[in-house]
Every structure is written in structure tokens, then in C-alpha cells.
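Structures follow.
Below, chain A partners chain B and then partners chain C, in two separate complexes.
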Partner chain A sequence: MGYTLNFNLIWRHFDKLWGGLLLSLELAVISIAIGIVIGLVLAVWYVSAGRVVRAIIAAYVEFIRNVPLILLVYLVFYGLPTVVDLAYSAQTSFVATLALYSGAYLVEVFRSGLEAVPRGQLDAGKAIGLTPWQRLIHVRLPTMMRITLPALSNTFISLFKDTSVASVISVPELTYGAQWINFNTFRIVEVYLVVTAMYLVTGYALLFALRLVERWYRTAR
Partner chain B sequence: MASSNKPPVLLDIAEVSKSFGAVNVLRSVSLTVDKGEVVTIIGPSGSGKTTLLRCVNFLESYDSGSIRIDGKEVGFRPGPARDSGARQRRSERDLASMRAETGMVFQGFNLFPHLTAAGNIMLGLTKVRGKSSAEARSIAEHWLGRVGLGHKADSLPAELSGGQQQRVGIARAVAMEPKILLLDEITSALDPELVGEVLAVVRSLAEDGMTMVMVTHEMAFARDASSRIVFMADGGVSAVGPPKEVLAAETTNERLRAFLARFRASHF
Partner chain C sequence: MLGQIAYALPFLAQGFALTLWVSLLVVVLSLIAGVILGVGLVYGPTPVRWAVRIFSDTIRGIPILVLIFFVYYGLPAVGIHLQSFWAAVLALTLFKTAQVVEYLRGAVASIPKGQSEAAMAIGLTFRQRLAYVIFPQAFRRFLPPWINGVTDAVKGSALVSLLGITDLMQAINQVIGRTYEAMPLYILGALIYFAVNYALSYASRRLERRFAFIRD
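Right after this comes the complex of A and B.
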């Protein structure tokens, strides 16, 4: 027996998907923004710190990188409130989790970028009398950004896709919207085709925007 | 007084020693440079030339001895009397302001790749000297003009040739009005046809009375432009004197003679 594609039911509930996509983007932007702060601070700290601090930061990175995101999401949303007296929404919980998660990946990206800044440029910064802080702001970070931007773009795209994991704790983002439509209309092929296309187009749009930023950064005066 | 015509000592290196692990890179090096002098350091690779230069603005620390510019110790200050005055490393802030008094030009240019030629020069002027960006810009343009790059102010380093980059490097160093300019093999990374334009700039700075210490393999330039030449070997000063004396073929210094002979063989 044949299965006839019928997208009508999908379009009827398209607001679920559109709203879901906007929420996915919002989750990604907030989490990544916090993750960038975590990643930058820890990476700068790491390259100038002693062994103990390095070990602690490395442990955080290794922990996050070796535990599946979905497990972290469960741990923070279901596990943590049973141990400590905290109440937070699923959305807040997910943003916190993805921020910690992206932070760990971004520490690695930024750290390798910082270490790739040629020593000669730091010498030049010292030689004209810049203080360590000025060298960081005016020499090290700008050079690091040029080195890391391509890797950073890839990490961002990957983190955007990771927002789909929020569906497991009922955050109404794009994947959750797809599940809802599936459960209510049984148009499983149609809804996942549409949602796949939405992830794809958004991912490409993000990538394109980030490439523009890269190009602008390379030629900025 | 008899000594009133002699220019004051600007750089005073006294018995400086340094080792990397078991290797003694500098063995009790002493050298003074008067204001307005151009001193060239030559010697085989591994003789400690570059390390000595990098100690002068404390890009490298040293184990013992002292380096003073205008009478002020560069990297250390006397410790408290209760520690019997043992020297202490200056704070990073202190070091930064000491380093602002010396200029350095590097073998690899080391321009900041994200800043234009003018931007490279302006960074120190605005952040270290506290000048407004308009003022810094006009100083940068002045010095770019001096090194023949007035038309390249808004070019990024990647858009410049090696010789042009190095001239920006020189402009960046001298725009800070340092008391002394350190030149570390500044033509070694250049294609032969670009060496001349860089040396011409150095020569004109020397004519202006800029005090310079340079490490170079350009013997002809060293002979013409230096007040004195220092020959280093095995981490120590092996010979020092006016170019004519040090570069004389009939020198009795065995190491120096071997070095010069090897040099002539490979460069002519």
C-alpha cells in the first residue's frame, strides 16, 4: 500500500515550526554568548596559569567532551534540583547546560588559537611598551580571532543543531514542534522533511553570515 | 674638564651572564654604548648576539650582572634591605614603561597583522604614550614618509613586500622616540634586492644621531655605518673596536680571523 505525501496538515500547524525555529535560534544565541565568555575567560586563564588551574580547566573540558549532551541535559534538569534547592524552567535549564557545554568546546578552540599567536608579535607588543593586559587586548586576542574564526564558525553551526536536544525536556523548539505535529497528525515523513529543510537552510544561512564576518575581519581597517 | 667632549654613556652592560640549562649563552659580557653611537655586533651563530640584544629590553632575563640605560637598571630593582638588597624583577607594569624607552626591530618584522601600517605605528603612541589618535596618526604619517612609505599608510602588512614591512617595523620603533634602537638581524629575512632600501633607512637614522645597537651579517654595512664593532664568540665579547681595526684581515684574534675568513669565502 502506498503512502501519499500530504503537506496540508504541516502548513496548518506551521506556526509550531516557525515559533520552534525562532526559539532554537534564541537558545543557541544565548547559550553560545555565555559559552564564548566562559571559553575566552578560561582559555586566557589557562595559557597563563599554573599547573593546578590548568588541570582543573582541562578536567572540565574533558568531562563535558566525554559525556553525551543529552545526559548533561537530564542531569541538570532532573538531577540537580533533587540535590540542591533550586527551581528553574526547562528552558533556563537547557540554556545553562548548552552554555556549559559550548564553553568547554570553545575553551579548546580559543586556547589553541591563543597558543598559535606567533611569539614574535607578543615580543613586538612588549618592545613598544604595552602592558600584559594591553598586549592581550590589542595584540593577542585580535590575532587569535583571525586564527580561530573558521573553527569558531563550525562550532557555532554544530551548537545550533544541538539545540534539538532541548526537545527531550519539552522545550518547544523546532524538533519539539516537529514531534508535536507528528503525534497529532501522523504525517511523520512530511513533518521531518520540512524540519530537515528548515535546519538545513538556517544552518547554511548562519554559515554564510559567519563567512561574511570572517571576510570582513580579514580586511577590516 | 678633559672629558667634557665625550658623550655620556647611554647603555651600560656590566658582566651579564645567562645560561639556558647547561648552556652558557652569555659569559660575563660587558659593553658600554655612548649616546649617538652605532654599535654593531657580529659573530658566528650561537655566539649570544641576539640573546644579548634581547636582554637590553628584557625580552630575555639574565642571571647576573646589570644592564642600565641612562643609569637605570632595566629589568630589576634593588630589593628591600632585609633581604640584603637582593635584586628583584620589576613588575610587568614597570617593565612595560622601561621597554617603551628602547625600540626594537626584528628579523621577522613582527608587524601586527590586523593593523595597517599606520595602525602598527599608532598602537604604541596611543596606548603607551597616551597621544590622541589624530596626533598619533600625524606622527605615523611623518615616519612613514621618512621611510618612503607615505603612500602605504592604510595598507595591511600582508599587502606589503618584506622590505616595506621592515621599514614599517623601523618606523614603529622610532616613532616612540626611544633612547636607543635595537636592530636584530633586520635584513636576514629579506630577499637580497630588498636589503638596500632597509639599510638606507638605518643609515639615515644614524646620521640623525640615533643611538643604535645592531646585530647583522651585512659586513659592508657594518664597516660603513658603525662607530664600533663588537665581535662575539662563545657568549663573550672577543674583540671590540673601530670597524677598521676589528675587520682588519691581519687581526691576531684567531676566532675573529676564522670568522672573517669564513665570511669572505661564503659572501664573495
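Right after this comes the complex of A and C.
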């Protein structure tokens, strides 16, 4: 015991944490955006596909969901370049990994949302003469969005927290900044207190913003 | 290549055993701590409720990696010296405990209020109400998400490799350091984690179906 808190060194190097937080958010936003595209396409494909395609999509989802993220990050960054002739930065590598990772989680979210769209709505769409494509855009996807938004918010926040794993391949995001200050100043308790607060504030701000979107979405129609 | 990997198999098996040991410890310890704190959250006096709420929301709001570093580097700084193995188990247990608290809260909240009132009406004490009325019903709602969450403990345990603990993840990295066979070893590792976690999530789905007859 007898540890005296001294935040001076943390504030002196605060640019490492602030820049790290911005990079964490950037990694999360890009990966999630790609993940949403993967998730939507595969989910829509899954619910209308035959057995073979379903099995392939399910294999992708189950594989990703049952393997630690850190192993996938290593596999893409250290493993993949040994078998394919590609060169990419750690940051690109992590975004690709987290995009594939979030895609697998989002397929599940979207798929259960699509299956929860009431049958009557599709029949109604058919009855007023909408084409399958119009039914998808104007009936199934909007209804699915409303059903999945709460689950979607939780997935987004959890993916934002997962960006901390990028630190293991030296992407200078928030957790990496924390470790840098940890090893260079030894103000250990202080730096992790500050970083905890930064993750909490950002996470709850995201949650609040997403809840607003949910409410707007519920009342807008 | 295959020869080198075969040569490394006993070493990988040791790492795998450590992964299972860490996961088992975390799962058991967090179950005990989580149920106690969860009961505190649902039935405790206001200060206890607030304390558990703040604990759970804080822990669940930060990345597990930050929590691991906080515990591992932070405890020695304030004079508490744990072996890195126990620091890792402590950090993962804190994380998992917060999840168990939420599973328990959700499970108890799903029991209709009338059950508690009826138990009170026939004169059962608080402990009897929990033991004979609430917990047996809440258990069925608690079990599937909890087993599903066990896979999180196995996956989370891979992060202890960053503290120099030779679990499966670290064993794989060390073998790669010697053999330079990165891709086959990462794929082998992925398949091992997959096999364990898929079996667990399969069990959870079976249980969910087993308890599907319960209606709200």
C-alpha cells in the first residue's frame, strides 16, 4: 500500500490516449460498416438459400464465433502473409479481421430479425403487387431493422470494446496507448483508471446515441 | 512440416490443459461470486444494490484486455503480489462474475411476481422462498445463457498468453517462433478452440430445447 496517485504524467502524455481513442473509434466504425454489409448480404441470402449455401454460411458464422479474436488477429496478420502474396499494415490487417468477425455476429442478428418479420406483412406486400426486390427493400428490411436494433446496439458496443485487441499487433489505439504510458511512466493505476473512464464514457455515449436512434426509428413510422 | 508439428504436439497439449484449467477455475469462481452478488443486486438493501450495479456496469463497460492489464500491472504497484497465473484468473473471474450477475438478475426477473407473493402467503421465509420457489424456476432460464457464456471464458482465456502464461495460444506462438510454420499452427489452434467451444454451444442449444416447454 502507500501508493500515491499522481496524474501529471498521464496528462503530459494524454495525446497518446486521445489519439488512441479516436483510432479505436475509427477501427470500430470501418470494421462494423464492412461487417454490416457482410451480415446483411449473408443473412438475406441465408433465409432464401438452399441447404449447401446455408451450410457454408453457418460454417463461417460458427467458426468465427467459436475462436478467440486474438487468434484470428494473429492468423490474419502473421499467418496469412506466409501463404498468400500480400503485404498489408497492422491496421489494415486488424480492420479486415474485425470486419470478418463482426460480419459473423451480425449475420446472426440480422437472420433472427428477418425470420421474425411476420408472414402477413410479406403476403400483404405480395398482394399489392410488389416485386420480391421491392418487398425486401420496403417491407422486410425496415421491419427487420426495428426488431433487431436493440440487439444491434449491444453488438456494436461489444465490437467497439474488441478494438482493444488491436494492441497485440501494435496498432496504436487506446489500449496500446495505455500500455505505452504504463511501461514508460509506471503511473500504472492512474493510466488504467483514466482509460477505464474513457472506455466507459465512450461506450455509454454510444449506447445513449443508439437508444435515441431506436426511439426515433420506433416513432418515425 | 508435419513432423515438426507432431514433435510439438505434447507441448501444445500442455498449453491446452492450461487453457482448460484457467477456464474451469474462472467458470467455477465466477459462478459462486456471481450468484452471491446477483442475489445482492436483486434482494439486497439499496447500498448493496448500487455497489453491485456499479461493479457490473463498470466491468462490462471496459474491454477485458484493459481489465487484465489493470489487474496484472496494477496490483503489484499497490503492493499486492500475485503470481501472473492468479492475476490472470482474478481478472478473468471479475469479468465473468459481472456477466453471471446479469444472467441471474435476468433469470429471477423472469419469474412472475405472483410466485413470490404466493410463497409469502403460505408463510415461507425469505430463504425458503429462494430455495423452493424462485431458484428452481429461475435455474432453467439461467442455464442456457450461462453455458453459452462459458465459451466466452474459454475464448477470453487466450488473452492470458499476453502475460507470458503458456496456455494454448502462447504455446502456439512459441512453436511458431521455433518452426516458422505460422499458418498450419494457427489453423490447428483455431480448430482446437473451435472444437471445445462448439461442443459447449451445442450443449447449450440442447438445454435450451430441453427447457423450451416452459411458458411465460
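Here is the rule we go by: the second predicted complex is superposed on the first by the 219 of 221 C-alpha atoms of A that agree within 3 Å, B and C clash if a C-alpha of one lies under 4 Å from a C-alpha of the other, contacts with A are read in each partner's own complex, and residues count from 1 in each chain.
Heads up, the rule we're going with is that a residue touches a chain if its C-beta (ideal position, glycine included) is under 8 Å from a C-beta of that chain, and two chains touch if they have at least 3 such contacts.
Remember, predicted model here, so these are calculated numbers, not experimental data.
Within the superposed three-chain model, A:83 lies in touch with chain C and out of touch with chain B [touch as defined at top]. When the two complexes are overlaid on their common chain A, residue A:143 makes contact with chain B while staying clear of chain C. When the two complexes are overlaid on their common chain A, residue A:132 makes contact with chain B while staying clear of chain C. Looking at the shared chain after the overlay, A:121 reaches chain B, while chain C stays out of its contact range. Touch criterion met: A:74 reaches chain C, while chain B stays clear of it. In the superposed three-chain model, the partner touching more residues of chain A is C, compared with the other of chain B and chain C. The part of chain A that touches chain C in the complex is made up of residues 1-3, 62-63, 65-72, 74-75, 78-80, 82-83, 161-165, 167-168, 175, 178-179, 182, 186, 188-189, 192, 195-196, 199-200, 203-204. Against chain A, the residues of chain C that register as touching in their complex are 58, 61-66, 69-70, 73-74, 77-79, 151, 154-159, 161-162, 169, 172-173, 176, 180, 182-183, 185-187, 189-190, 193-194, 197-198, 201.
On chain B, the positions that touch chain A within their shared complex are 57, 59, 92-93, 95-104, 106, 108-114, 116, 119, 123-124, 127-128, 154, 156, 172-173, 176. Those residues of chain A that touch chain B in the complex are listed here as 118, 120-121, 123-132, 134, 138-139, 142-143, 146, 219-221.
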